[in-house]
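To start, I am sharing the structure in question, which I have written as structure tokens.
A, B, C, D and E label the chains in the order they appear, each numbered from 1.
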């Protein structure tokens, strides 16, 4: 899974029937500290994400494993809103 | 999913039987602002895309989840025509 | 799907039983204009490709969607011979 | 599969129902010698990994092949704790 | 599929139940001429590969299509030992 921040919406009228009523969100990838990267992803929302949400995105066939996305031709889904990323193991510096 | 612009057609006479009658389109990848990138994709059209269409492409097993592509040996499908990409969350500059 | 040119054969005696009788072809990746790139792929032939054929390769689970490859542990298949790639939409230069 | 070291936890309250009770771990990728790389992965734990564990991560639909992850919309799973990586074949230097 | 040379073994006691008795091999990626690259892969052996074997590795859900790997949470399998790679189509130099 990868981290992302929701920054927008993709509007589409003509689309596959299994996409009707689905929210296609534009996400900017982030690292585990929340820093935004130069990479963008379009994913279907399965958890009520909104503008600015810090989310987790799952790719591939796993993107179809939510109620919202089953049978839909989508390869990315937002399947969790992130509260916090806790770094518990500190790597000693050399 | 990734953004693309349809720029051409792939013509093939000898192909897998499940590809008969399918439209194989050549797409140039684009970013969320519609700027064209140096990356090209061949995808089956499932939504009536035409020359110059700004589209959304889904990869992997999800590419077989449309009526047009089920059971076909294809790993990319055009599953939506894009009307607009709305950036609703502005990242403050540092 | 990606473009490739068939340049050789992979010979294997000891292999998974579902690969018996399958042709494992070495392909050099090409761009949409047929220019050869520095990237190579091994794919099972499902359409009678031969030396020098300009082909389309499908990756992932979709590679098992041909009669030739079903149930085989292969992640790439040649599923079409390319006659022509027609660029119909010209991007205006800035 | 890729190597990783568990360095943290992803906390999420709002998530897909199939993720309830699952441990989402943050892993830093490592090479086969255990050297840490600049790449991070979020994976569900299926084997009782803890802070600092040296683990093996499986991606894609295979990530759903454990009891812990079946039917869950996750594309990465920790499916083994690594005791040792034994290099048995030494490549002669030129 | 990609080429690799078997250079070692990954030892794991605590692992998913479907991995019991499976051989997890460390492979160094190679190109089609057998030249070793700076990329490493962990794959389950399905064909009796040993130290120094030149092998073919299949990725993704296809990695579960051998008797050895079915239902196992693994995303890479060694599914063929390579005898030879024959380059039959010579690209004329410009």
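Quick notes on this structure:
In this section, a contact is a pair of C-beta atoms (placed from the backbone, for glycine too) under 8 Å apart; a residue touches a chain by one contact, two chains touch by 3 or more.
In this text, all values refer to a predicted model and were calculated from it rather than measured experimentally.
Any chain touching chain B that also touches chain C would appear here, but none does. Counting hops only between chains that touch, chain A reaches chain E in a minimum of 2. Among the remaining chains, not one touches chain D and also chain E.
Put simply, chain B has to spin 145° for its C-alpha atoms to lie on chain D, with the angle rounded to a multiple of 5. With centres defined as mean CA coordinates, chain C is found 31 Å away from chain A. For the pair chain C and chain E, the distance between mean C-alpha positions equals 19 Å.
Annotation for chain D: residues touching 2 or more other chains are 60-61, 63-64.
One full turn of the ring, starting with chain C and passing chain E second, gives C, E, D, A, B. By the touch criterion given at the top, residues 5-19, 24, 26, 28, 36, 40-43, 51-52, 60-61, 63-64, 71-76 of chain C touch chain E in their complex. On the chain A side of its complex with chain D, the touching residues are 1-3, 31-32, 46-48, 56, 58-67, 69, 77, 79-91.
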